[in-house]
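Please go over the structures that come below.
Okay, so subunit A shows up in both of these, paired with subunit B first and subunit C after.
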Partner chain A sequence: MRKYLQIFKISFEEEFTYRLNFILWRIRNVMQIFLTYFIWSTVYSDPAKQIFGYDRTKILTYVFGIMIVRALVLSARAMDVSNDVASGNLSNYLTKPVNYFKYWFTRDISSKVLNLIFATVEFILLFLVLKPPFLFQTNIAVILAFLVSIIFAVIIYFLILFLLSSIPFWIPEIGWGSHFLVTVVIVEALSGSLFPINILPQGLQSIILATPFPYLIYFPVEVYLGNISGWALFGGLMVAASWVGVLWVFLNVVWQKGLKVYQSFGG
Partner chain B sequence: MDRAIIVDGLVKDFEVTEREPGLTGAFKSLISPKKKIVNALKGVSFSIQPGELVGFIGPNGAGKTTTLKTLSGLLYPTAGFVEVLEFDPWKRNPEFLKQISLVMGQKNQLWWDLPAIETFELNRAIYDIPTRSYNENLKELTELLDVEKLLNTPVRKLSLGQRMRMELVAALIHKPKVLFLDEPTIGLDIIAQQKVRDFIYDYNRKYNATVLLTSHNMGDLINLARRVIIINDGKILYDGAFEDLIMQYAKEKIIKATLSNENNISNLEKIGKIKKLSFPEVVLSVPRSAAAVAASELLQNFPVDDLTIEEIPIEEIIRKAFKSEPKK
Partner chain C sequence: MFKKYFKIWWMMSRNSFSAVLGQKLALSMFLVGKIFRFIFFFLFLYFLLKGTGSLAGYSGNQIIFFFLTFSLVDVTTQFLFREVYKFRPMIIKGDFDLVLVKPLNALFRVLMGGADVIDLITIPPLVVLTIVYGVSLHPMMSGVLIYLILLINGFLIATAFHIAILAFAIVTTEVDHAVMIYRDLTNLGRLPVDIYKEPLKGFLTYLIPVGIMMTTPVKAMIGSASVLGIIIAFSAGILSMLLSLKFWNFALTKYTSASS
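So, the complex of A and B:
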């Protein structure tokens, strides 16, 4: 256990070393929220207006909810794994008594804690500036369900990143490029971080809901908003849990095969 | 346990995709990749006793690094048997990993942006080292390698030699019983090289650690390794006493001198065999036992600005030793 506490600590420190980068990145984050906020705010300029079952309060809560959920779920370090595999840096860990999955999961958590701290501060600032209508959830059961859905989201994202990072075992040239398509296109669009999935046509919605992506952002936010409850909530959590299981088994198989062809470049 | 390392009939093949140059080439290889098999190791066998310090030498691409990586569990052997401390390295048993260390001169484990002490602390946690022994080890290693004052400097601000010494501290903080060193002195200046060598020597002695060391630098092996294994093209060519090899194939030493004028230059022949003479540089080869005498004669009788005595390069010894071998 102490092993992973130490990894947490060193990882946390490292994130601070490039302060300027860090600040720029946070600014980008805030700008993004501003932009999304104003787009939706314009669409719903009339507070009574309802589109796709969202009124102004709900959609703006969605936007702010995304901010926190993104900070928790999408802030991850595990994309560096592909680089480790491609460059042979993985060798540093394989020769040590440390579990590589747990190592990166710890680093992810450390990154998330850091992000959460900043996202909270930004949230408060933006909240004071924009004074948006925001739904503070008070139902304990809903909050609990939300936390469970967040845990699933964090694990699913971790597993997806790790799976993509295994590609360089076979195609080392690809490096971190293996993430580009998924993180930029699929995750952003299908996870619900740009728009709620349920504004899409029903058929498309069901397809997307069967993939692991909406369980990253859309599902937890909807749970928080109280839009998903009862059997739908239970069903959604089951789908998310199944994806955790499937991806975990798949990752282990892929990783074992990958290590056998691992070329340990360099030296 | 009578043998720390056993390697028997080890074969390692790499599969590489060949690619023609240019964009069309890249495209072609994407559609119909041409696979080629590289036989890096073609049946390597040797064994090493606990506490032995063995030099592992051979030309570029001979298979040294591949062997060390297989021994530390990084590469999956294509065929053959490998055992280190009675463990199968590939299984990466934590008990095994706690007792070994692989140091590669051109790879680093230190966290680039943080002071080296942070990596050491991390390793302390990873290897589960009790605080007392950690503090002792750290003190001892940093003193021996003369880096106590640099512990809190971010790694990226260290010089190559300083970093390399820090790498050694990081690699040895858990007191491994088996040490794989792949060109540990590459890129270091003479003084740093000597420090690292002395250190390896002491470490081997003090902890009765088993050390397998590769190098292209003769100086690394002289006075350090009693036994050498020579590998070439994935096969073992020689496995035996280093001294025998030197006696047979490195009977000479090389004296390199810089002269300030051409006086007396024709008499150089009397000192030793002239290998190269292009004023002001002169390279002589002299019998090993007479090297010191020859050097002092040179200093007395010739206008010498600068002089070094060097060993014959490893590659040349290998060439000499094996050119006589009949080709099959």
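So, the complex of A and C:
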């Protein structure tokens, strides 16, 4: 446990090595929120308007909720694993007395803590500037369910990143290509980062909800808003838990097969 | 002069295309990703406008035309200026020296040295879609003409931004996030800047002229831009180009050739 604590500390400090890079990354996050915020603010300019099952307070809470949930779920370092695999750097870790999965999960947690701190400051600043109506959830059961959904989201995203990073075992040159397709495009589109999934037609919603992506952002924020409760909440959490199980088993199979073909090129 | 540089650009582009086409799997992933991202935002707008009818006083087709104009400027500049994304290693390793000693304009080489075939593939269908939606708005001939001129003005501003990013990279060695911040800023132009509130709206219209690049051409075509707005747009185009070239020349004096 102590060694992972040290990894956490080192990884946390490492984030400050390229300060300008980090600050610019955070500026990017704020700007991405602007487009989403103002689209919805324009659509719901009339406070009494109710469409897609939301009113102005709920939709703007959704947008602000995205800021925090993104920092918690999508801030990760595990995408660097593909580089380790492709460059042969993985060998350095295989010979050390550390669990490679735990090592990267620890680094992910350190990245999340740092990003969460900054996201909270940005949240407060934007809240003061934009003064949106906001739903402060006070129901303890809902908050607990929200936290459980976040834990599932964090694990699902970690497993997705590791699975993607396993592709270079077989095809080293598409490490970044696969990350672009899945984490930059598909996750952004299907996770609910831009808009709540339920504005789409029912058929499309059902297809998207059957994938792991909406359980990263959309589902936790909807739980926070209290839009999902009772059996629907239980069912949603079960689907998220199932995705954790399926992805975990799949990752173990893929990783073991990958290690067998791994040739440590360049390592 | 123009012929010589076009020949060089064509040669560099062919090399760049060959390099990308050699990795077909990676190319298909990026291509699918870009098409998927476009379709998904298009669908989002379609279903949003189906529910709301209009946005910020614009009809559904007008909003989609704003988005298509944004996409056209965005994709074309990425096609032409992809080399900018690869500038950082050149600065860090000192390889920029090799560009400076060649009898070729260094800015031209680092700005346009690697056209992107993936973006090139997406341009023709995008142009067709833009024409289809543009025609559906029943514009006057003069409106179309001013739209096209302002679109070129938008490309000029986008070029100025990329030159400034290159100069910034020389001064700070930071380019990756700078170029992505530019992308994020221009992304705010996916929809008319009228949806933003002041001071952000003014910021996006005049200081970082995203509105002039993407919103003004469409507004001029549908007849909702003022003459003063159009004059400001052209002034911003010329001014941004002059300033970015000045910044580039200043940055060159700060280049240290580190690591070479």
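Everything that follows uses one rule, which is that the second predicted complex is superposed on the first by the 266 of 267 C-alpha atoms of A that agree within 3 Å, B and C clash if a C-alpha of one lies under 4 Å from a C-alpha of the other, contacts with A are read in each partner's own complex, and residues count from 1 in each chain.
Quick note on the criterion: a contact is a pair of C-beta atoms (placed from the backbone, for glycine too) under 8 Å apart; a residue touches a chain by one contact, two chains touch by 3 or more.
Just so we're clear, the structure is a prediction, and the values are computed from it rather than from any experiment.
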{"item": "Between subunit B and subunit C, more extensive residue contact with subunit A", "value": "C"}
{"item": "Touching partner for A:I10 - first (subunit B), second (subunit C), both, neither", "value": "first"}
{"item": "Touched partner set for A:S264, first subunit B, second subunit C, both or neither", "value": "first"}
{"item": "Touched partner set for A:R28, first subunit B, second subunit C, both or neither", "value": "second"}
{"item": "First (subunit B), second (subunit C), both or neither touched by A:T42", "value": "second"}
{"item": "First, second, both or neither for A:N92, with subunit B first and subunit C second", "value": "first"}
{"item": "Subunit C-contacting residues of subunit A that also contact subunit B", "value": "none"}
{"item": "List of subunit C residues in touch with subunit A within their complex", "value": "23, 25-26, 29-30, 32-34, 36-37, 40-41, 43-44, 47-48, 51-52, 55-56, 172, 174, 176-178, 180-181, 184-185, 187-188, 190-191, 195-197, 200"}
{"item": "Contact set on subunit B toward subunit A in their complex", "value": "14-15, 65, 69, 72-76, 92, 94-95, 97-98, 100-102, 104-107, 109, 111, 113-114, 118-119, 121-128, 154, 182"}
{"item": "Complex contacts: residues of subunit A adjacent to subunit B", "value": "2-3, 5-7, 10, 13-14, 17-18, 88-89, 91-92, 94-98, 259-264, 266-267"}
{"item": "Subunit C-facing residues of subunit A, complex", "value": "20-21, 24-25, 27-28, 31-32, 34-35, 38-39, 41-43, 51-52, 171, 173-174, 176-178, 180-181, 184-186, 188-189, 194-195, 199-201"}
